[in-house]
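Dropping the structure in here first, questions after.
Just so it is clear, A, B, C and D label the chains in written order, and each chain counts residues from 1 on its own.
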Amino acid sequence: MTDPAADPHILTIRPGEGDYAWTFGGAPPVARIAPGTVLDVFTEDCFGGRVRTTEDLVSQVCEFPFVNPQTGPFYVEGAEPGDTLAVHFVSIEPRRDWAASTTVPLFGALTATHATAALHPPLPEAVWIWQLDRARRLCHFSARDSEWELTLPMDPMHGTVGVAPANLEVRSALVPDAHGGNMDTPEMRAGVTCYLGVNVDGALFSLGDGHARQGEGETCGVAVETAMHTVVIVELLKHVATPWPRLESDTHLVSTGSARPLEDAFRISQLDLIQWLARDYGVSELDAYQVVTQAVESPLANVCDSNYTCVAKLRKEWLPPGRTHGGLHDELRARAAALR
Amino acid sequence: MTDPAADPHILTIRPGEGDYAWTFGGAPPVARIAPGTVLDVFTEDCFGGRVRTTEDLVSQVCEFPFVNPQTGPFYVEGAEPGDTLAVHFVSIEPRRDWAASTTVPLFGALTATHATAALHPPLPEAVWIWQLDRARRLCHFSARDSEWELTLPMDPMHGTVGVAPANLEVRSALVPDAHGGNMDTPEMRAGVTCYLGVNVDGALFSLGDGHARQGEGETCGVAVETAMHTVVIVELLKHVATPWPRLESDTHLVSTGSARPLEDAFRISQLDLIQWLARDYGVSELDAYQVVTQAVESPLANVCDSNYTCVAKLRKEWLPPGRTHGGLHDELRARAAALR
Amino acid sequence: MTDPAADPHILTIRPGEGDYAWTFGGAPPVARIAPGTVLDVFTEDCFGGRVRTTEDLVSQVCEFPFVNPQTGPFYVEGAEPGDTLAVHFVSIEPRRDWAASTTVPLFGALTATHATAALHPPLPEAVWIWQLDRARRLCHFSARDSEWELTLPMDPMHGTVGVAPANLEVRSALVPDAHGGNMDTPEMRAGVTCYLGVNVDGALFSLGDGHARQGEGETCGVAVETAMHTVVIVELLKHVATPWPRLESDTHLVSTGSARPLEDAFRISQLDLIQWLARDYGVSELDAYQVVTQAVESPLANVCDSNYTCVAKLRKEWLPPGRTHGGLHDELRARAAALR
Amino acid sequence: MTDPAADPHILTIRPGEGDYAWTFGGAPPVARIAPGTVLDVFTEDCFGGRVRTTEDLVSQVCEFPFVNPQTGPFYVEGAEPGDTLAVHFVSIEPRRDWAASTTVPLFGALTATHATAALHPPLPEAVWIWQLDRARRLCHFSARDSEWELTLPMDPMHGTVGVAPANLEVRSALVPDAHGGNMDTPEMRAGVTCYLGVNVDGALFSLGDGHARQGEGETCGVAVETAMHTVVIVELLKHVATPWPRLESDTHLVSTGSARPLEDAFRISQLDLIQWLARDYGVSELDAYQVVTQAVESPLANVCDSNYTCVAKLRKEWLPPGRTHGGLHDELRARAAALR
C-alpha cells in the first residue's frame, strides 16, 4: 500500500468569475477527485468581493441570490449515500489584508427579519472594513460612530462547508442543515476534521464563506468576511453514516445541529453527541446523557441564518476507551504535517 | 471612612430544616444586612438532600414544590427598586464528599416535558452518585449500564441566585427570569461578581442549587448537585439599573438572558451586552453590535428549565476605555482577598 | 335536595378604586363563596379605565404593574388542590358605550419586545377609541391615518380568568399559564363553562380584562377593551383534576395551552384534548390522536402575552358515547336560564 | 377579445407511475400551458397509493424521498419572477372510496422528531383506513383500540400546492415555505383562488397531497389521505408580487406564513395580511394592524411539517372600499361555473 501522505495528489483550484456555486446540490462538479486528494483552493468572500469600502452597501452592490459563493462542488469518487466524507482543514489563510462586515436589512439576530416579521423599518445599513495583519495574525477594527479602535486575534474559519443535501433537494449556500452548509461555527478552523454524511453519489463537497474571525452566534449576521487560501484533505469513510455534521479536533469531539427554534438545534447536537459516544465508545445512551450533561461545552455557532446552529463539544481526554473512525483524524493530522 | 475589608461584618447562616425559601419573592427575610456584609452560608442541594443513593428516585423522595431550597432571603438595607445588588462570590466549596445527579420524569432537554408535550411515556428514572475529591478538586463518575469510570475537574457554582421579582410576582426557585433565579450558568463561580436589578425594597436576595460542576446547557436538567459552603460579599449600587442579571469576572463582562424560545434568551443577552457597552463605555449601539458579533463568547447555560438561559461574554481586554460600576468588581476582589 | 337554580345565592360585587387584584395568587380574597354561588360583578378594563381618548397613551397614563385589574379573588369554600372549579359565564355585557385599543411600546406580535429583543426603536404609540352600540351589539371603528370606518359585531369575552397558581407562585395578571390568567381567547364568552384546576385551598378565582371583541391571536396585543358587567355561576368538582384550563360550550369541548414557543402551546392543548377524551370517553390515546388530527379546530388565542395561548376545539356531536363532568355544563346552562 | 370561459383550453393529465414530481423546482415540466388553461388532473395520495390496509406501515411500504408525489410541474407561458400565479380550484373530488391515515415514526406534533430530538423510542406505528361515502360526502372512521365509530363531513382539500422556489433552490414536496408547497391548510378547498409569487420563468406549478378532510394543525402529521380528481384554472397576474402564498374565497382574504418557531409563521401571515390591505385597499399599516387585531381569524394549518403554517383570514365584508387583483377571483368563479 502506498502512503498517501508521502505523495499526495494535490489539486489546485482558483475559480474564475463564473466558476462559483451558489447552492449545495444542483451545481455541476468542478472536478472529480479520488479520496485522499489534497485540495488547494481559493474561496471568495460571502459578498463575492463586492463590499470593499464603507460606501459599498450590500443592498446596492450585491444581487441575490448571488451571495456566498462556494468553491466546488467536488465529486468524490466512490462516495455513495450512507458513507461519510472526512474533510481535514490543513490551513485556512486570508488572501487579503482587509475584510468587510456589514449590517444587512432584515437580517441578523437583533432585528426584525423576513421570518421574525414586524412592522419596524430595517435598521441602518452600515459597513465596517477591518484591516488584517496577516503576519501578526491580528484584525483591526475602527468604529464608525464612536472613538474605538480595537485589535482582535485572527482566528480564520469557514462559515460554509457542506455536501449536496438528501431528499433530492438543492439548498441555497446561505442555509445550514443536515448537509452542512452555512453553519457559521468558529470551530471550523485549521487542524480540524469535518465529517459530513454523503447523500448523493460523489458527495458534491464545496466550501466558502471565509471569516478572519467570528463571535459565537454571529449576532449581526455577518462576520469578518474575507477571501481565503485553504488547503483540505478529502477522505472517504465507506459504510459509516453521519446524520449531522461532526467535527473532530485534537482536543474535542464536536457535534452540530441546525434548526429553528434554537432549542431544536441544541437538542439535535446534544443527542448526536450522545449517539456518537454510544456508537463508537460502547456506552449506554443514558450514561452518555449523564456525562454530556456534566461535561459538554455548548457554544452557539449562528443565531441569524435560515437555520440556527449549535455545537456540542466533549473533551477527548474524557472519552471512554475506544476511538472514532479508526483514528482517521490523527492520521490526517500526520498527512497534513507532511504537506508543510 | 473605614475600610470594609479591614473589618467586615460577617453573618454566618446555617439554615435548619424549615428555614429554606422555595420561591423568589413571597418569603420573609431571614436577616437584614447592611451593604458590605459578608455572608457565610450553607446551601442545601436541589433535592433538599434527599437523593443519597441510586435507589432514591426524585419522583419518590422529593415532594413538589419543595425542591431547590434557597438560603435566604436577605433584606439588604437601603436597597430600592432601580438600584443594583452586587453579589461577589468569595468562595463556593462543596460540603459533602458526594453529589447526586438524576433524570427526572418529563424534565430535561432530550425528553418530552410538560410544555413540550408528547404522547411518549417518560424516560427511565435514574440516579448517579458522584464522588467528590475535595482535596484534589475532582468529581468521580461511575456509569450505571456501561463500563465507564470518569474523573472530571471540580468547578463549583451556584445554579440559583436571585432577588424578588418585579410586578408583584413570586416565582418558584426553579424558574430563571429577569430577577435571576435558576439560571444554571457555570459562570456563577467563585471570583465572580453578580449584578442583580432590585425590584422591591430590601432586594430579598437568596441563593442555592450548588453544583460541583455542570456542562453548558445542563442537558438532562440536573447537574452534579451538592450542598455548598459559600461566602459572598453583598454590595449595593444606588441608582444603577440592571435589566437582566450580569456577571463580571476578572476577565469578562457577562450578560444573561432567560426566555423561551432559546433564541429570545440569546437576543436578550446579546442586546444587554451591547447596551452595557453603550452605557458604560460610551460607544454607539451599532459599533457595539459589530464588535460583539466578532468577539462574543456565547455558551449556553440551561436548556431545560422553565426559561432557557444564554450568556454573552466579552473579554475585558477588548473593552473601550472606561470602567463599569466604578471599578467595584476589582474592589470586591481585594476585599475578598483580605478575608482569607 | 334543594334546586340551586330555584333559589341561587347571588353575590353582587362592585369594586372600588383600591379593590382590584393585580395578580393571581398573593391577593387576599374579597369574599368567601359557597359552590353554586352566582357572582354578579363589574370588571374594569385592562387600563384601569385610564385610556379614554386618543391622547391617553398607555406609557403616560398607566403605571406598571397596575394594569389589568382583576375582580376578586373569591375564596370558594371546600375547594382544595386536586379539585376543579367550574365557572359558567351567564352573561358578559359591556358597561360603557365606548372601548379603547392601543399599541403599547415593545408589546405585541409584530414588534420587537423585551423578550424578542432587537435594536429597533419602539413602533409609534397610538390609541383607537371604538364606539359600542350595545343595543345593536356592534363595535364601530374609525381609522386614524386612513379613510376607513368599519362596524364589527360585538362578541364580548373575558381575556383574563384564573385561579391562584401552583408551586407557591404569584403571577402577574398579564400572564397566562396552567392556572388560567391572561389567556385572551375569544372562546371565553357567555354560555361557556370554564374548568380550572384548583392549586390552593379556596381556589382564589378572579376575572377581568373584558373585550367587546378580539381577533384570534390578539395581534397588536390589545383588544377592544372595555369594562364589563358579568354574571357567572361558580361550581366545584371535587376530586377532578384539570391540568390546563378547559372550556365547554353547547357545541364544543375546548382545551387550552399557554407556553412559548407557540408550538408548545399547541402541543399542550392538543395533548390535553386527547387526554380529556381518553379519561372521560374511554377511548385510547392513539385513536383520540387520530380523530383529533382530522377533526380539531385550532384557532389561536394570543401570540403577544408572556406566554402564547392555543386552543383545541372538538365538536361535541363527534364525541364517543359518554359525558364529561357528569353533565355539569348542561345543568349550569339550565341554572343560568332560570336566572333571567 | 375571446371570453376564456366560453371556450376554455382544458388540459387533462393522468400521470403514470413514473410521472410524478417529488420536489418543487428541479423537475422538468410535464406540460407547457397558456394562462387561462383549465387543468383536469389526477393526484395520487401522499403515500404514492401504497398504504391500503392497516398492515401497510409507512416505514415498510414507502421509500423516502419518494413520498408526497406531485402532479406537474406545469410551465406557465409568460410567467416571470415578480409575477403572480392565480390557481382557482374548481373542484377537488376523491378518486377512491377509502383513504388512509397513519402515525409515522418520529413525525407529528406530539412526538419526538428528527428536529425536536429526544431519547424516546418512536411512538407505535399505526394505520387507520377511512371509508369515504362520496355520494353523501362523508368520512367513516373505525377506531383501532377502542369502541368508536365516527362519521365526519368530507371537506376535500390539497395539502400541497406550489411553484418552484426562489434562490435557485429545490425543495422536497414535504416542505412548506414562501413558494407554497406542503402548507396543509384546510382552506385550500374548491371555490378558492390561491395566489403564488413566481420565482422562475414558467413558475413550474404543481399540486398533490389530497385530503378528504383534515383538522387544523394536522396534529399527528397525516390527514385523511386519498387520491383526487381536481380541476383548476391557472391564471397569471403580470407585475404583481406575492411574497407569501395568499388565498381568496368568496368570503375571506387569507394570508399564510410557513416557518419555525410557530410564532414566526404567525408573524409572517399577519404582517402579510396587513400589507395586503395597505397595498390594495389604501389604508395605513397601523390602522390595518388595529383592524386585523380585532377581526382576524387565525386557524392553524400544520404544526408537524418541516415548517409550520399559520393562516390569517379576514372577512371580505369588512374590507375597506377597493378590490384586490382587479376582481380576478370573482371572474374565476364565473369561469368555473361555466365549466360545469
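Heads up, the rule we're going with is that contacts are C-beta pairs under 8 Å (C-beta built on N, C-alpha and C of every residue); 3 or more make two chains touch, one makes a residue touch a chain.
By chain, UniProt protein names: A, B, C, D = Acetamidase.
The shown structure was predicted, so the numbers you read here are calculated from the model rather than taken from an experiment.
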item: Comparison of B-C and A-B (more C-beta pairs in contact); value: A-B
item: Label of the chain whose CA centroid is most distant from the centroid of chain B (Acetamidase); value: D
item: Cα-centroid distance, chain B (Acetamidase) relative to chain D (Acetamidase), in whole angstrom; value: 48
item: Whole-Å gap separating chain A (Acetamidase) and chain B (Acetamidase), where each centre is the average of the chain's CA atoms; value: 33
item: Distance between the centres, which are taken as Cα means, of chain C (Acetamidase) and chain B (Acetamidase), whole angstrom; value: 35
item: Residues within chain B (Acetamidase) bordering two or more other chains; value: 110, 116-119, 123, 260-261, 267, 270-271, 274, 286, 289
item: Interface residues, chain D (Acetamidase) side, partner chain B (Acetamidase) - complex; value: 110-112, 116-120, 123, 261
item: Of chain B (Acetamidase), residues touching chain C (Acetamidase) in the complex; value: 22-23, 25-26, 64-65, 114-119, 166-172, 174, 257, 259-261, 264, 267-268, 270-272, 274, 285-286, 289
item: Chain B (Acetamidase) to chain A (Acetamidase) touching residues, read off their complex; value: 101, 103, 109-110, 123-124, 126, 128, 139, 141, 143-148, 150, 152, 213-224, 260-263, 266-267, 270-271, 274, 282-284, 286-287, 289-300, 303, 308, 310, 312, 318, 320
